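Two complexes, one shared chain (chain A), two partners (chain B, chain C).
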Partner chain A sequence: MNALAIRRQWRLAIVAVLAVLLVLAPALLPTYPLSVLTEILIFTLFAMSLNILLGYAGLPSLGHSAFFGTGGYAVGLLAKYYGTPAALALVIAVVAGILVAIVTGPFVLRTHGAYFLILTLSLTQVLFGIVWLWRKVTGGDDGLPGIPSPRIPFLVGRISDTANFYYLTLIVVGIAVAAIAWIVRSPFGLALVGIRENERYLEGLGYPTWTLKYVAYILAGGFAALAGGLFAYFKGFVGPGQISWLLAGEGMVMVILGGAGTFWGPAIGALLVLLLRYEVSAFTQRWVMILGIVFILNVLLLPQGIVRLPQRIREIRARLRRETTLAPPLAEATAAAPDRSVERVIERS
Partner chain B sequence: MERADLARRLGHRMTRRSVLGSIGLAALGGLLAACGGGGATPTPTAAPATPTPAPTPTRAPAATPTPAAAATPTVIASPAAAAEPIRIGLIHGYTGVFAALAENLTRGIQLYFESIDNAVAGRKVVFVQEDDASNPDQGLTKTKQLVERDKVHLIIGYNHSGVALAVRDYIHQSGVPTIIDNAGAAALTRDPARRSPYIFRVSFANGQYEWPMGPYAVEQLGYKRLIFTASDFVAGHEKTEAVKKAFQNAGGEIAGEVYPPLDTADFAPFLQRIQQMQADAVWAFFAGADAVRFVQQYADFGLKDQFPLIGVGDLVDEAYIDQQGDAALDVVTSLHYSPYIDSPENKAFVDAFKAKHGRVPNQFAYQGYIAGRVAAEALKAVQGKVEDTQAFLKALKAVQFVGPAGPFRFHPETQNVVLTVYFRKVQRLPDGSLGNVVLGKRENVDDLSF
Partner chain C sequence: MTVPALQLEHVSKVIGGLTILEDISLTVQPGERRAVIGPNGAGKTTLLNVIAGFLPATQGRVVVFGRDVTKLPAHRRVDVGLLKTNQQPAVFHELTTRQNVLIALLRGRHPLLGLGGLVERDRETQRRAEQVLEEWGLLDVADVEVRHLPHGYQRRVELAARFALRPKLLLLDEPAAGLAVDEIPAFIERLKQLPRDMTIVLVEHSMRVVFSFADRITVLHHGAILADGTPEEIQNNEEVQAAYLAGAMRGRDAGAA
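And then the complex of A and B:
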């Protein structure tokens, strides 16, 4: 118990240091890394919203970009045709994402596992098709450029525009991440984990599992749409790439790399994927290959995600210590057991 | 069954994995540290006297697009002048569907700069090459990197219209002179609200070399009724609209329109629809793999005997004309270039390109070459003082020379190239290969003429 308390304090300290660093980042970083950091924050929110489905509820969705794109296009269309202020446009974007989830949820949630994956994928493709072909409204494959980037009014003139938008993102993402933290720690979040582990058992206990999944799906849609709206403002542009299933796949990679079903895993995944993409590609045209190698290594060596790295090191150290004496192997079998992950979710499908 | 047995097997597996794990962790840790280092501690914005990107492209074989950004900044003691090198950002989609096109553009740019020893007015020219993957999101981030971290003086690039449109506002705000060498989105120069004093285009606006085919078809080829077919995306529609309008103005009649999606493997259903129409000829725009398949299937379907095929130069690009073979014969297209233009400037370019890459340059290599020349001419005009942006922009605007495809100049208002459009016909050359032989031309075609 004491060890647990110490660990919690450590964790709190790390979060506090990280928060301070994030707040001070504009003072420490030049503008380009700051804009990469802004993008990392936005994708952290996207990956975390996908994690509600993929990691906690065990629903492998390949259609999460549908919500991201819905949010982006809501912002883009509102900015282009109505000149809506950013705060209102972001709220409308979230509402749009929630609406898409409410409408599509009853269809996709009839299925499990691989079928859920295929249905969500089709959903994205339908939206992608609409965006691509409805050239007059959405601009087709050229997208909607020229979305004016919002600023925090009282900071204008005091800091650079990049820093200003960074703070805006930090505030919005911070609130959303706190909300997600509250959700996954609530009884509702625990029930989702229960659904992932054994849906029938939970049903037997009298939980309305379908409704719980539906609510999770809607919440995830809303958060993803918020990330999409922010991203459209950040880039000043929205295009079909932001609704394509490739982005959903990238989100999935972020979640799985970082550690599905863990709170900070998706953030680490988003950080790693974007840093690899932007930093490695500056050195070599073959960056896609390096990206692939890192992913393969990661999945082979840290199947439960990077976030488990400390635990893995502890395991290995314990293992080495035990090997010098005589190891009771049973302890490991039980130590490995609580590591539930996407592997299992997908295995079950 | 036996718990002990299971546990033993599990334990065995764990041992192997933990060994593997410790090796991998070390490797991954190192990589992470490297990445983190790159991201968290970027090159300081310090004095402009310390150049960050370093290697010169002379050492880089152009066959493989090599990284231009240096991992370790090496300071070159310039022998010609004490001035720091001129940094040019090259940004194209080096990975993804347009990789081949991007490579040809880059070959053209490098070919020109090599011909002047990568130096202008005593200052060395270095390139920072970045990959936008033909993805607007990545393109914008990479452009920011070029401007804010690498501090390039000039950007040459953008093969993808979506990327060019997405970065337009950023370029306009950051005020970095930019030469677009392929992206054709017409609005970038035609729309007064979207054009920017910092953006020049040496390639074309969608429709600019397509529309002259309209009157040419009526007057020279004698086609009064045309079927139009093009890939179903923005550029396909922009190009088709322009040629349709010009064709109708010249007295032609549209017999029908067919728009297959991008990346169509089997054109049969679309060709069938064309077959049922009544027309004198078919006008088509397809590019890349679509063009190869369309031209071949068009011939296989027997449509070539029914309707002659005319269209845009991409249909029978030098990159894949040999692959199309006899199916491409007699196709008449309009384009701003052909390697068989008969002029000393073109012969010099084609020979230099052939000597280096062992093949005939196509339109994209030509565009790259022109982009390189335009940049160099403007740099020369300001004696290498690229830091004076206003003077440099003025010099860019005033660039004039006779290039491989005839006189080059910018339209003073749109800052888009004024082209000579060539009408070409695929014929078998004396050496047995296929080539786009020039039939005629139309001079001084700007991007406001349609």
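And then the complex of A and C:
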């Protein structure tokens, strides 16, 4: 218990330092890295929203870009045709994402595993087809350019526009991430893990598993749409690329790379993928190849994600220590002995 | 007249043209310990799944404490006080023992499907979980992921989580399966100590467990009820002897002794 309390204090300290650094970032970073950081924040939200499904509930969605794109197009259309203010447009974007989830949930949630993946993929392709072909409204493959970037009025004139939008993103993403933290630490979040582990067992304990999955799907859709809306403002543009399944795949890479089912994993994944894209692409066009190598190494060496790195190091060190103290035949013998004491079994595994 | 804990009325289950259960009718009184035995493939596990709601009955009615639950999904049947254990312990492997107990205790405790609360802030449930863990001798392994525990412990976690919900009708699907021979007497003792306000339906291959625990025994054979009676009646029933018991008794006890 004591060790746990200490670890919790450490975690709080790290989060606090991180928060301070994020607030100070505009003073420390030039414009370009600051805009990369803005994008990282947006994709952190996107990856965390996908993590609710993929990591916690164990639902591998390859259609999460459908919500991202819905949010983006909601913002784009509202800005272009109605000149809606950003705060309202973002709320409408979230509502639009939630509506898409409410309508599509009953179809895709009939399935599990690979079939869920295929159905969500088809869903995003349907939406992709709509925005691609409905040129008159969505601009087709030209998309909707010229979305004005919103500013925090209070800060206009005091800091650069890039820093201003950065702070806007930081506030919105910060609130959303706090909300996701609440969700995964609630009994609802624990139940989602139960679904991932064994849906039937959870149902046997009296949980309405279908409803839980549906609500998780809707929440994830809402958060992804918020990320999509922010991204449209960030780019000043929304196009079919923001609804394409490739983006959903990239989200999946971020989640798995960082650590599916862990809270901070997706943030680390988003950071890594975007840094690779922007930093490595400065040296070589083949940054995707590097990403591929990183991904393979990650799956081989850290199958549970980068966020588990400290734990993994501890495990490996413990194993090395045990191997040096125990002569191999002796270790073999204790493993084979019919010793059913719990400590033994834990130690062995 | 007391309301029976469980009534099955002409229950049939057909899966893909194959009749697994055929016209099963039985009544279990409150507090009764009922064993369901039969050779492999007789439909015992299917019967429990139909009662628990994991499989819908093709025909017939399932009534629990006077309430017709035939159309209710499995999770709603928990509200009537019905819980079931699994052949493979129904535990969440990546969760700790404590979380396994918590997940059971937290059911329905917070509004909005549990979104209206935080697990760590619910001190009362945390305390209850601590009690349950102590009661079941699981405190030592409270924060160990269940996948690291041996089978016997996983079974205990499963039972602890279910008893935490205070079931009124408990379905046990081969609870002794996978236990070491020397663990079985203690396990029988544990079953015998269960409170009498709980009704138990037990599917079990170990005849030691069945004959030392059950008040009544139902014998299933090819999906139909072959016999139904007290342990003595079943032991002396020639049909049962011929179909199942002789072989089972000989095989099992030779192995167990």
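In this section, the second predicted complex is superposed on the first by the 326 of 349 C-alpha atoms of A that agree within 3 Å, B and C clash if a C-alpha of one lies under 4 Å from a C-alpha of the other, contacts with A are read in each partner's own complex, and residues count from 1 in each chain.
Quick note on the criterion: a contact is a pair of C-beta atoms (placed from the backbone, for glycine too) under 8 Å apart; a residue touches a chain by one contact, two chains touch by 3 or more.
Predicted model only: the values in this text are computed from it and were never measured.
Legend: residue contacts after superposition of the two complexes on their common chain; A:140 is shown touching chain B, with no touch to chain C. Touch criterion met: A:241 reaches chain B, while chain C stays clear of it.
By the touch criterion stated above, A:300 is placed in contact with chain B alone, chain C being left untouched.
By the document's definition of touching, of the two partners only chain B reaches A:279; chain C does not.
Counting residues of chain A touched by each partner, chain B versus chain C, the larger count belongs to B.
In the superposition on chain A, A:198 contacts chain C only, with no contact to chain B. In the superposition on chain A, no contact is made by A:10 with either chain B or chain C. By the touch criterion defined above, A:31 lies against chain B but remains apart from chain C after alignment on the C-alpha atoms of chain A. By the touch criterion stated above, A:190 is placed in contact with chain C alone, chain B being left untouched. In the superposition on chain A, contact is made by A:208 with chain C only, not with chain B. Chain contact summary for the complex, chain B toward chain A: residues 6-8, 10-11, 14-15, 18, 20-22, 24-25, 27-28, 31-32, 35-36, 38-40, 42, 44-45, 64-67, 69, 71, 94-95, 129-131, 135-138, 140-142, 144-145, 147-149, 161-162, 165-166, 168-170, 185, 194, 232-234, 237.
Note for the complex: chain A touches chain C at residues 182-183, 185-191, 193-194, 196-198, 200-209, 211-212, 215, 340, 342, 345-346, 349. Within the complex formed with chain B, the residues of chain A that make contact are 29-33, 35-36, 39, 132-133, 135, 139-143, 145-146, 231, 235-237, 239, 241-242, 272, 275-285, 287-288, 294, 297-298, 300-302, 309, 312-313, 315-316, 319-320, 323, 327, 329-330, 332-333, 336. Residues 52, 54, 73-76, 78-79, 83-84, 86, 90-95, 99, 102-104, 106-110, 112-120, 122, 140-141, 144, 147-150, 152-153, 161-162, 165, 180 of chain C touch chain A in their complex.
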